[in-house]
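Paired with chain B in one complex and with chain C in the other, chain A is shared by the two complexes that follow.
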Partner chain A sequence: MSAVAVPTKPWAKRPQERAIGISFFLAAIAFSYFFVAVTEMKGKLAYAFVFFVAYGLFTSTFSFINRGPQAAKDSFVSTVVSLGAVVTVIPIASILFTVIQKGVPGLHFGILSNDMSMATSTDPIANGGVLHAITGTLTLVFLALIMSVPIGILTALYLTEIKGRFAGPIRFLVQAMSGVPSIVAGLFILSAVLYPITKSFSALMGALSLAILMIPTVARTSEEVLLLIPNDLREAGTALGGTQWRTVAMIVLPAARSGLMTAVILGVARIAGETAPILLLTGGGDKVNPNPFDGSVGSLPYYIWKAFNAGSPEAITRAWAGLLVLMILVLILFITARALSTRKISK
Partner chain B sequence: MIQTPESEKAMSSTQPSSLASVANARQERTHASTATGTGLEARGVHAWFGKNYVLKDINLEFAAGSVTALIGPSGCGKSTFIRTMNRMHEFIPGAAMAGQVLLDGKDVYAPGVDVTKIRLQIGMVFQKPNPFPSMTIGENVLSGLKLAQIKVENKDELLESCLVRAGLWNEVKDRLDAHGGSLSGGQQQRLCIARALAVSPQVLLMDEPCSALDPGSTLRIEETIRELSDSMTIIIVTHNMQQAARVSDYTAFFLSDGGPGEMIEVSRTSEIFSQPKDQRTENYVTGRFG
Partner chain C sequence: MSDTALIPQPREISTEPRRSDKVFRGVVTSGGLSSLVVLGLIALFLAYRGFEVLREEGLGFITNADWSITLDESANVVESNFGLSAMLVGTILCSIVAVVIAVPISVFSALYLNFYAPAWLKRILVAVIDMMAAFPSILFGIWGFLVLMPSVEYWAKLINKYLGWIPLFEVEPYFFTRSPFVAGVVLAIMIIPIITSVSREIFAQAPLDRIQAAFALGATRWAMIKAVVIPHGRSGVVGGAMLGLGRAMGETVAVYTVLNIVFQINWHVLLGAGGNVASLIILKFGEASEYEIKALMAAGLVLFLLTLIVNAIANVIVKSTGKSGR
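Presenting the complex of A and B:
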């Protein structure tokens, strides 16, 4: 006779344990309502706060009675850790929720095909659109990208592959550069390039300042990624008779490809919604500007800022819609980059 | 070493060592070697890592077409020594060396020598299999050509012949487009051997090529080494004394007594395992220490 084994989980919580857990949860919710009603406290945050304190107290007291002080500490700490996780997620979820809630009414059929050149801030929502802002933002990001990605990756290669004499100071400067406030980058380009040389707003000016902000992000992330590539591979390439450049180009960079793509994504994320230098340098037109090297150019941050400033109910709805479009745009850029980086190498 | 009744018997008759039975495992060459060049020679090689003196005055000759095993306890400088042969030693920051390494009579450390050419002539297989992760099996084999920018007439033919010589062709011929990482450890190591063969080196250095592999893969690679020894000079570092006995013509014993590693003895493999001249060699090969 051989017994048929049934897979069980002896460590799983029994139904009554689970019921106790749920009842504590419900009790804490009830207590929070009761407590807020009785005391002077007001608002959603008060409920959340009281709920967490009550839940922590209930569960740790229960553990203390049943299993002693160590178990009480354990359950208290796990409540605090969950609290931390929830507190982190709340602002992000809240932002997403608010932007979607307020942005959706501003969406309409022609929003991606019209610009604001023939619409004023008090026109109905269905007039105008964000075409000029999207093309402007894409131009700015693209120009900043082609300037900062090569520079950033070459800097990372210097720091990890060449390890030259200046690696230490350069690493320090790159780290310091990543803390440069965006307004400083904007004012720098304004005073160093726009006023003395070009004397006009353009997408290029904006992209230059964005590149200053993007280079340190790309360089630092790329450096970390390249440091993860095992030295074995560099040795193998060198032992096969490759020069250092051939080894880096053929083996190290392809092996680091998806990580480098992440570096670029982080760089784009850093600059896509950047506003301060854009306000200073691009002039923010209402029309699609096909020339990136001359003339005012609109962009989503500028559009949002301008619409909020206009103040009319329609303009504010437009601003929220602009925010939504910006978020979706960044999301699309992320997904595209992810897809590109994980795609199999095909010949 | 495991002492078996058979080896005891062999010892009692003619051979003084318990390893006599494995020492004769390698069969004598039945046909002449086709290896090119006049081999490799180390003359007075010393090596340092920073202030750490790791290798002292090594003089060794490797005849063309021979297989030489370097044995000795960990940390006695065997790997450092073979890395000085193809100038991979200088890859480590703080490394320094003295002495000469002669390939076909020419010093590889002479001024003006193209170090990438040296590494093409003296190939290397590492302890840990390290196929290039971004390349397919086929691309891995031919990667040396691309790295060194060598043009080849018939790539497919070369690909096949390298994989055949490395003993991997039958296992991968239908999936040359798969990634190198999809192979087992032993297959990966043979892929690395095939990769080293593609640039047709005169000398192949192997740094404990089987230490991370199971016995079956080890056996397969030893067969490969024996086949390759017909056409090239091979230097293999190993901790496995039976392996040294199975594959090598000559064996050199390295030892460090706290200071820099030194070469204690070099001889025909059968002699090292049966009649070592130095007491320390005998202690090591009979498993009394190390």
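Presenting the complex of A and C:
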């Protein structure tokens, strides 16, 4: 009989160490409970604070006794760093929880098939709905999409395929453009298009400003994707006698297809909930507006904004329901983008 | 039929691009230049619209705190005072509060993600944090107003109670609602995902051989981070913080919902009176007269230039660290 070598994992924690770790965790919870009960401090903040200080002190004292000052510092920093991660996640959890908790009562059967033209802010929840807001948001996003996607992808192609003289400055400008505040984009369209030319609110005006915000997202993500396409493919295309145009159109872009879809979806997620320029440019009507080039048009962010500012309890519930719808929209977009991109971009 | 037909004419070899390629390169280049055009047009149009007000107010547009306009019956301007200083101070105050809160938290969570978290947890957390960066700002604004603000006011009272002797934390009169501190906390929550993902990427570029060398010499995890990761990533984190600052300065809706706008310079973080250029535009836009709109355009120009400068510095810093790592 031959001996079978069992791989040992000297770095893995033994059950004993694991038990010590868990007991420290429990001890810190118990300690924070008693400490808060004994002293004047109160509230969730006090529990969390005492718990983390206690846990950090317990583990680092244990490490100090067993392994010296360096190990003590190390375990203390581990606690602090985990605290950072916990604090980062708490707001996300709170936002998701609140929106679902407060948004669900605002949902009803007609919400997706009614608009607000026949409902006021103090009406019962069952009156009215978000039809005008959803159609408006879809119109805005669609118009912004057809304007910004070609420009964004062309910019990315310039940076990756042509690599011309201006590649450096343009990369810099695209970065700068992604930092343009949304309200400034709104003011720009207001001053450059709405006042001198069209003189009325419309979905097109909103879409123009959203396109400005979307271009940099699309351009930067597409650039990353195109850089991942192996150069062998481009060389193969050229070696077969293809011109650069045909190589890019027939080989590079199809190879990057799912990545480019990701770029577009991330861009849409960026603009779907954008509020400030919408407030300046679209007028926020309460009826479904079939004409995207004239007349005020509602949208989800504007709907939420109006309901929130109306202030009555029904309106606030409507605002939360609107936020829930908007958040579901963004989540769907985001999850689709990630599902498409996991093959291409591994993070 | 002669033999010559079977022999193709020798093709002329040249490096001159074909016509299709010339068109292609032209189209792509012009598309690529669009960002330059858009940025240029933004500056041009806002300056053009705001020129009248800027000329009227001169340097006072930056240094005065008043924002008032008086019209007679036929909507002619009788008297107008436009000054942005209270708003600029407020903008800077809110965004600095945000950065001061967000940077340590983001750096810690980036360190946790890179060096402490198990692989499965890291994957989930990265997805969740990236998703948070895509949340619309109105969501943060309303959540901040209805859910977060009561707690933050309580924290502000605690800070005032124990640190009130520092001039920055003075509160007089005793009024904590809708203060720059509240806006700063909401902004901090908005920029944490951005700074975290920039820091995470910079930390991930820390040279692996040096990390392994540190461990081989018996360093603990923290000793390794102090010796290798932090020196490598320091300036990248500064750049990420600047990106967050730029984002915080330009944020409109989230700040507007939680900030009490007062046209008076206020450096006391916890006092419920603040200012913000972007929120000013939303606040005044609804009932603004034609002349006031011009002043708002000028305010937009100031905001645009401010964020442009902050972002440019940030990008230069981030880029230069990316290179020095290799």
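The criterion applied here is as follows: the second predicted complex is superposed on the first by the 308 of 347 C-alpha atoms of A that agree within 3 Å, B and C clash if a C-alpha of one lies under 4 Å from a C-alpha of the other, contacts with A are read in each partner's own complex, and residues count from 1 in each chain.
Throughout what follows, contacts are C-beta pairs under 8 Å (C-beta built on N, C-alpha and C of every residue); 3 or more make two chains touch, one makes a residue touch a chain.
Keep in mind the model is a prediction, meaning the values are calculated, not measured.
Peer 1: Please work out whether A:Ser78 is in contact with chain B alone, chain C alone, both, or neither, and reply first, second, both or neither.
Peer 2: In the superposition, A:Ser78 touches chain C alone.
Peer 1: Once the structures are superposed on A, label A:Gly179 by its partner contacts, choosing first (chain B), second (chain C), both or neither.
Peer 2: So A:Gly179 only meets chain C here.
Peer 1: Let me test your reading of the model: by the given contact rule, A:Arg257 touches which partner, first (chain B), second (chain C), both or neither?
Peer 2: first
Peer 1: Which holds for A:Asp286: it touches chain B only (first), chain C only (second), both, or neither?
Peer 2: After superposing on A, A:Asp286 lies clear of both chain B and chain C.
Peer 1: In the superposed arrangement, does A:Thr243 touch chain B (first), chain C (second), both or neither?
Peer 2: Once the two structures are laid over each other on A, A:Thr243 reaches both partners.
Peer 1: One more residue to check, A:Glu235. First (chain B), second (chain C), both or neither?
Peer 2: first
Peer 1: Report for A:Glu223: first if it touches chain B alone, second if chain C alone, otherwise both or neither.
Peer 2: Once the two structures are laid over each other on A, A:Glu223 reaches no partner at all.
Peer 1: Could you tell me if A:Ile212 is touching chain B, chain C, both of them or neither one (first, second, both, neither)?
Peer 2: second
Peer 1: Chain A residues in contact: does chain B have more, or chain C?
Peer 2: C
Peer 1: Between chain B and chain C, whom does A:Ile170 touch in the aligned arrangement: first, second, both, or neither?
Peer 2: A:Ile170 contacts chain C only, not chain B.
Peer 1: Once the two structures are fitted together, what part of chain A is touched by chain B and by chain C alike?
Peer 2: 243, 246
Peer 1: With touch defined as at the start, can you tell me which chain A residues reach chain B in the complex?
Peer 2: 163, 230, 232-243, 246-247, 250-251, 254-255, 257, 345
Peer 1: So in the complex, the part of chain C that touches chain A is made up of which residues?
Peer 2: For this pair, the touching residues of chain C are 17-18, 20-21, 23-25, 27-36, 38-39, 41-42, 45-46, 48-49, 104-109, 111-113, 116-117, 125-132, 134-140, 142-143, 146-148, 151, 154-155, 189, 192-193, 196, 220-223, 225, 243, 246-247, 249-253, 257, 278, 281-282, 285, 296-297, 300, 303-304, 307-308, 310-312, 315.
Peer 1: Could you pull out which chain B residues touch chain A in their complex?
Peer 2: Residues in contact with chain A: 86, 88, 91, 93, 116-117, 119-120, 123-124, 126, 128, 130, 132-135, 143-144, 146-149, 192, 195-196, 199.
Peer 1: Could you please specify the touching residues of chain A with respect to chain C in the complex?
Peer 2: Contact set of chain A toward chain C: 43, 45, 70-71, 73-74, 77-78, 80-85, 87-89, 91-92, 94-95, 98-99, 150-151, 153-155, 157-159, 161-162, 164, 166, 169-170, 172-185, 187-188, 191-192, 195, 212, 215-216, 219, 243-246, 248, 266, 269-270, 272-276, 279-280, 301, 304-305, 308, 316, 319-320, 323, 326-327, 330-331, 333-334, 338, 347.
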